[in-house]
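You will see two complexes here that share chain A, one where it goes with chain B and one where it goes with chain C.
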Partner chain A sequence: MLEYLVGRFGRMLITLWVIATVVFLATRISGNPIDFLMPEGLDAQSRAAMIAYFGLDQPLMTQYLSFWKSLVDGEFGLGLMERRSVAVIFGERVWRSLSLLSATLAVTIGIGVPLGVIAAVWRSTILGNTVLLFAFIGYAIPNFVLAILFLLTFSYTLQWLPSSGSGTLAHYIMPVMALSAFFVASLVRYTRNAMLDVLSQDYMRTARAKGLSETDVILRHGLRNALIPVITVIGLQMTTLVSGAVVVETVFAWNGIGDLLVGATLRRDYPVLQFGVLIVACAVVTINLIIDLIYSAVDPRVRLGGASA
Partner chain B sequence: MTNRLKLILASAVAALALNSAAVAQDLNVGVQNMSAYLDPGRDHSNVGSQHYYNAFDTLIEKDHTKSEPVWKPGLATSWKRISPTVMEFKIRQGVKFHNGATLTADDIKYSIDRIINTTFPPYLLRKKDFLPNIEKVDVVDAETIRVSTYREEPLFETLFNIQQTMIVPKAYMASLSGDPAKDEPSDYEAFGLKPVGTGPYKVTEFIPNQRIVYERFDDFWGEKAPFKKVTVRRIPELSGRITALKNGEVDIITNVPPDQVAIVSQDPKLRAESMVTPLFHVVIYNTQHPKMASKELRQAMNYAIDRKTLNEALWLGKATIPNTHTYPQFGGLFMPDVKTFEYDPAKARELLKKANYDGFEIRFDTGSAYYTNALLASQALKEMWGAVGINVRINVDEAWTGNKPDMMSRNWSNPMYFPDPAGSFGTMWAPEAASFAEGRFKPDASYAATWERFRFSPKLEDRRKAYGELMDYIKNDPPVLVLWQPFESYGVKKSVNWQPLPGHIPYVLDFRAGKASLASN
Partner chain C sequence: MSESPLLSIRDLSVSFNTRAGEVKAVRRLSFDLAAGETMAIVGESGSGKSVTALSIMRLIEREGGHMSGRMELVRRSGGSVDLMAADDRTLRQIRGNEISMIFQEPMTSLNPVLTIGRQLSEVIVLHRACSPREALDEARVLLERVRIPDAAGRLSQFPHEMSGGMRQRVMIAMALACQPRLLIADEPTTALDVTVQAEILALIRKLQDEIGMALMFITHDMGVVAEIADRVIVMRHGEKVEENALRPLFATPRHPYTRALLAAVPRLGDGSPATAGVNADTVLSVRGLVKRFPVTKGLMKRTVAMVHAVDDVSFVLREGETLGLVGESGCGKSTTGRALMRLIEPTEGSITIAGQEITGLGQEDLRAARRNIQMIFQDPYASLNPRLSIEASVTEPLAIHRRELTGKARREIAAGLLERVGLKADHLDRYPHQFSGGQRQRIAIARALALKPKIIVADEPVSALDVSIRAQVIDLLKELQRELGVAYLFISHDMAVVEQMSHRVAVMYMGQILELGPSAEVLNRPRHAYTKRLLASVPVPDPARRKPQVIDEAREIQSPRYPVGQRPTRLPLVEVNAGHFVQADAA
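Moving on to the complex of A and B:
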């Protein structure tokens, strides 16, 4: 297990190094921030002065090294746009995004899995079909459309919920609903399909024959076996969730890192963009690791490290 | 009911009333964009201009309710010209900065010096745009300073009323980073995050690109601010802003496009406040592009555009279509009768023949959403050009293409940075200004000489005459077509008295005494 973890960690670092380097190069190929930060009326002399001011006159290798140095010193460089430490810029926003994503994940799993089980067990009934109908609707509507529909209904017309910002619990309701609808819907469908596969297995009949209650049969023998593909899907969707958050954060003026990254991309704010991509990459790599660990907990046949096959 | 119970009830009611009065002294504003830093000397953006006037003062004030310049004492109580190149200012005494320091003549000298004697690149740009003629500032005594210019300056008052010459505290700025006694570039960066001025509101919280919180500054030298607290926060989406306004989360929202005005004004609790903004949307041509070199071609492009029809279609007839590059805010230099831009499709066709235009494609670059109505306007322009036989292709590009050599034509804006043609036309089209710097406008020596006469003649009549000649030059060899002054709207709660004022540069949110208040219930 330890050997496995060390190996995985090493691979994680290499992945992150490759990503950081690609982002470093790609941003520099895509345009000079001067054109985006100060677009108008720069003569050659002022332009050169501003390029030096932003430190963009340094050779690429020097910039690359100082990028890594900034990661080590913990400041992560100075944002080109805001001219303050990237660590501070992200520090202000990262918890807001994490709380939104965690709430969305909790809602997704908490609602998606039970509904999926219901849709499978009560398939071909009104209940099962209703769940499936809503799952299709949730799957089909893009999150930004849903977000605007919610705004229209709950803020504009009924005036029940705050439309923008992130101060109170009430602020979470609409963004979480808008963001989780798609993921709940797809989780319902995956769980339902996985459950249907499992429900027709021989061991289910055996479990019933042993005299177990129907609840035990479905939850302990059925759901547990069905969960493996579902967990994979949740892991994959976590990464989609991050990109969904970018849109939803904009609509609800959430001021999270999604919104920050969009702005940094448009303006080619290298330090902010590099660090942002790096932490998103870190999150994805870590999630993948966690998913692998959960596999072995759910399915004892999966042995990490492969030593004791 | 016992007396005691009555007393308790009465005090509860009083407490409630007090409480709501306290809340009612707050103002919440939703804006489309928020600044990344707040330093009036460094900034000239449309986003930044929203915020400075609440927290900073200039030496010379202005009556912002009037379009034309009417000067009033600001941090200077009086001023007089003691020679053609020297202006003497008497400094108001007892003025406090938000950090408690008292305003001194040194602070004023420093505020100007940090821009005119700078090596800090962002200040260099502003020096070039606004203060190239200021030579030095001398402190005569604690109450008097003298500003000298290289050449006779007809715009003295104007230059000490602009955002870039707002006064900042010297000692505070130096103390912000590095050596606390030394003036360093890192101090300027730090100031942009923790700005301090002398205005009626102090900035108590500023989160770049997110929000500003102002609080009333009780030691302000003038009339006290009407609101205890003003929170301005960014709500980038239009639907988000309108919803927040309707939902009571904010009292004022910015950037409401013409087609959404009805949605705001239909609500019995809301109204729209609109103003024709002192800013031009323009079409520009790259006169240095080999295919765009023919002045007849560019003249034809200008004559082909029916701006009145576009106004009806895009702005419900509410934008202003100027005859030339001029604003009412210019006072004596407002010249609405000069006809630089006219619609005459027959003449356009004739000029195209003269230019031997063979139908080659002209690329027109535009952003998709930067200027209100930009894309719709571009499509209409393309059709109008097409109608006289000019083949234009619209190019929507993510990156700014205005400074690329292969640009042929594109849209742009010419804001009024200060109320004089030098502060609008000049910033963009003076012989060595933005358009020249970008390499798409190279006027000849006669233009430069006329410009000098316009810029520095002491007599208004001479300046008027020279500006007319500059406009003739533009008409004859056009690098630009002025389209319109856009009609910009704000959504405002009926319980709030506020409207944009014509005496400000575009987009200023002025919440000073007499400019904003709560309607009496």
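Moving on to the complex of A and C:
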């Protein structure tokens, strides 16, 4: 197990290094931030001075080294727009994003899995088919369309919920709903399929033959088996969830990392962008590790780092 | 009988609604089962025997069955209940408590994500007033009772950590947890090796005596029936065709179907074909065949051990001859068969097919060489592509190897082949799902014959078939051999079938051939201890020759796994009689 974790950690570092380098190069290929930063018609001399001030005249290799130096320092460089430490800029926003993501994840699993089980157990009944119908609808509507529909309904027309910003519990409702709709819908469908598969397994018949009640058969014997493929799917969808969050944060002016990244990309704010992408990459890689650990806890046949024939 | 029977079934009918209309799986079945009695229900697939079992448990409705009739059960309390009319709560009290059941597939009948201890104690907690702690203790006692070594340690294990025989013991322990009055065993040994089957049958009989429960034993195997039953019901197409006590049923079967069923059972000792001409040409020669699989560990995929699946196997096969390769699961017989075609790349050794060494051949030459060696697999449902027409499947070898032929010529060849294996030429345009298992296996045989190969490797070709169909397919294979002079490497775990088919037999164990010789010699005068044990385990379809009960502890199946660099001991084969070779220590 320890050997597995060490190896896994090593691979995580390599992944992050590759991502950081790709982002570093990509941002520099795409154009010069000074053009966004300075008013139009700036004379050549001051432009050159600005470029030198930000260190953008240095050879690529030198910039690359100082980029890594700033990462190691823990200072992470200064944002080009705000001239504040990137660490601080992110520090203000990271918890907002994390709380949005966690709330969405909790809602997704909390609603998606039970509905999926219901759709499987009561398949070809009105209840099961209704769940499935809503799942299709949720699957089909893009999250930004949903976000705008919510805004029109709940903020503009009914005036029940705040349209933007964050802070109170009420602020969470619409972003979480908009963001989770797609994931709840897909989780319902995956859980349903996994559960249907499990329902026809021999060990379910064994459980019934023991005299267990149908509820016990499904929850104690079925659900845990059905969760195995579902966990994989949740892991795969985490990346989609993060990119979905970027859109939803922008629509609801959530002031999270997604919002920040969109701005940084438009203005070519290298330090912010680089660091932001690194943070997101870190999150995704960590989540995948956690998923793998959960996976091995749920399925005893998976022994991490163990012998395999 | 003055005492009322434990279970009395009257006019049980079960039907299923399918797209093709209503299918009657069981028709007006009636029988009584006395307390402590063992009744076997025997029949081929589709006879309704498993449906009957699930109906008694009232688990068949869940699979879409509609039932009618009466099923009177005398309960432990002395009262009686009609299972057909019982409510859900009563049924749950009965299931796993008064009637319990063991299923055919030990590999899939246990929940893979729960520990053995949890699955055992669950049923104890459910039906008896006791704490989970006490239940776990009781579970350990149960495991000891089914002779599983290190019972305490097993409780925290998961099903995948155990062999099939071990899991079936766990299933039995689970079924017996509440000392049921009736145990229904649905083909409990069909998926197991013959030595393990013998152990499990002995165990069930022993425990039945101890607990005094009635046993309803469902099987297709007349040999198993003779080993275990007091009374037998023969079923066919959902109907009871005959019911009698064991001995008279075997001695004087009244119904023609029972007679046919008994006649179709291959009996060990029925004799085998005489050794084919010694002077015939050698078509296949295998020397020192070795196949090792690495066992890897960790991120770097370090090789930590080697599985010696096939270890130094040598034999020859002559024209028109059948060599039977027998052994239990994991002994390397299938790996050997596949390595011959280089479907699995051999690690070492030489394979000569029709005079041509094939181990070093490149892709093109290998393809050409494969014309001479074709294969038939065990599962005719899986080995035919469901989306290809029969014509496409049967002509595919021709399309690869005989490109010069026109489509029309290929179709004609395929039509001839189908007629040769007992099907009709107009079946060419149909698809595999339109055929029964036996017919599909005939199609697979036709496909294997398409190139007129010199050798056919038949890997358990009749194991998935019903006895009556099995006999027909064996006859067909023998007939084709006489006509075409094709040589078979006949891989099987079934000694009686191997005896019927083979001129010579090779017994494999842990990747090595232990004994090889003319069938009559090896099967009647076995020299190696393992061959003797294997033969002794085969159930004999003769009630007069029931084996004495010997209860063994469950053994873990030995695996030919060795640390890197270490090799299994190889003992030379010594000739003990004309053409009869045995590994040196037993000679």
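Note that in this section the second predicted complex is superposed on the first by the 305 of 309 C-alpha atoms of A that agree within 3 Å, B and C clash if a C-alpha of one lies under 4 Å from a C-alpha of the other, contacts with A are read in each partner's own complex, and residues count from 1 in each chain.
Heads up, the rule we're going with is that contacts are C-beta pairs under 8 Å (C-beta built on N, C-alpha and C of every residue); 3 or more make two chains touch, one makes a residue touch a chain.
Just so we're clear, the structure is a prediction, and the values are computed from it rather than from any experiment.
**Q** Please determine, from the superposition on chain A, whether chain B and chain C clash or fit.
**A** Aligned on chain A, chain B and chain C fit with no clash.
**Q** Contacts for A:Y53 in the overlay, against chain B (first) and chain C (second): which applies, first, second, both or neither?
**A** first
**Q** Between chain B (first) and chain C (second), which does A:V242 come into contact with in this model arrangement: first, second, both, or neither?
**A** neither
**Q** I'd like to know which partner A:T250 touches here: chain B for first, chain C for second, both or neither.
**A** After superposing on A, A:T250 lies in contact with chain B but is clear of chain C.
**Q** Contacts for A:V86 in the overlay, against chain B (first) and chain C (second): which applies, first, second, both or neither?
**A** neither
**Q** Could you give the angle made at the Cα centre of chain A by the lines to the Cα centres of chain B and chain C, to the nearest 10°?
**A** Value: 160 degrees, nearest 10.
**Q** Looking at A:D299, would you say it contacts chain B, chain C, both, or neither? Reply first, second, both or neither.
**A** second
**Q** Going by the contact rule set out at the top, does A:R205 touch chain B (first), chain C (second), both, or neither?
**A** second
**Q** Report the partner of chain A that touches more of its residues: chain B or chain C.
**A** B
**Q** Once the two complexes are aligned on their shared chain, state how close chain B comes to chain C by Cα atoms, in whole Å.
**A** For chain B and chain C in the superposition, the minimum C-alpha gap reads 44 Å.
**Q** Would you tell me which residues of chain B are touching chain A in their complex?
**A** Counting only chain B, the residues touching chain A are 30, 36-37, 120-122, 124-125, 128, 189, 192-193, 207-210, 233-237, 239-240, 242-244, 246-249, 398-400, 402-403, 427-428, 432-438.
**Q** Please give the residue numbers of chain C that touch chain A in the complex, ascending.
**A** Residues in contact with chain A: 57, 59, 62, 91-97, 100-101, 103, 105, 108-115, 122-123, 126-127, 158, 160, 171, 174, 293, 295-299, 304-305, 307.
**Q** Would you mind writing out the residues of chain A in touch with chain C in their complex?
**A** These residues of chain A touch chain C: 3-4, 7, 201-203, 205-213, 220-221, 224-225, 228, 298-301, 305-309.
**Q** Could you list, by residue number, the parts of chain A that touch chain B in their complex?
**A** 31, 35-36, 38-44, 46, 49-50, 52-53, 81-84, 89, 92, 148, 151-152, 155-156, 159, 162-165, 250-253, 255, 259-260, 263, 266
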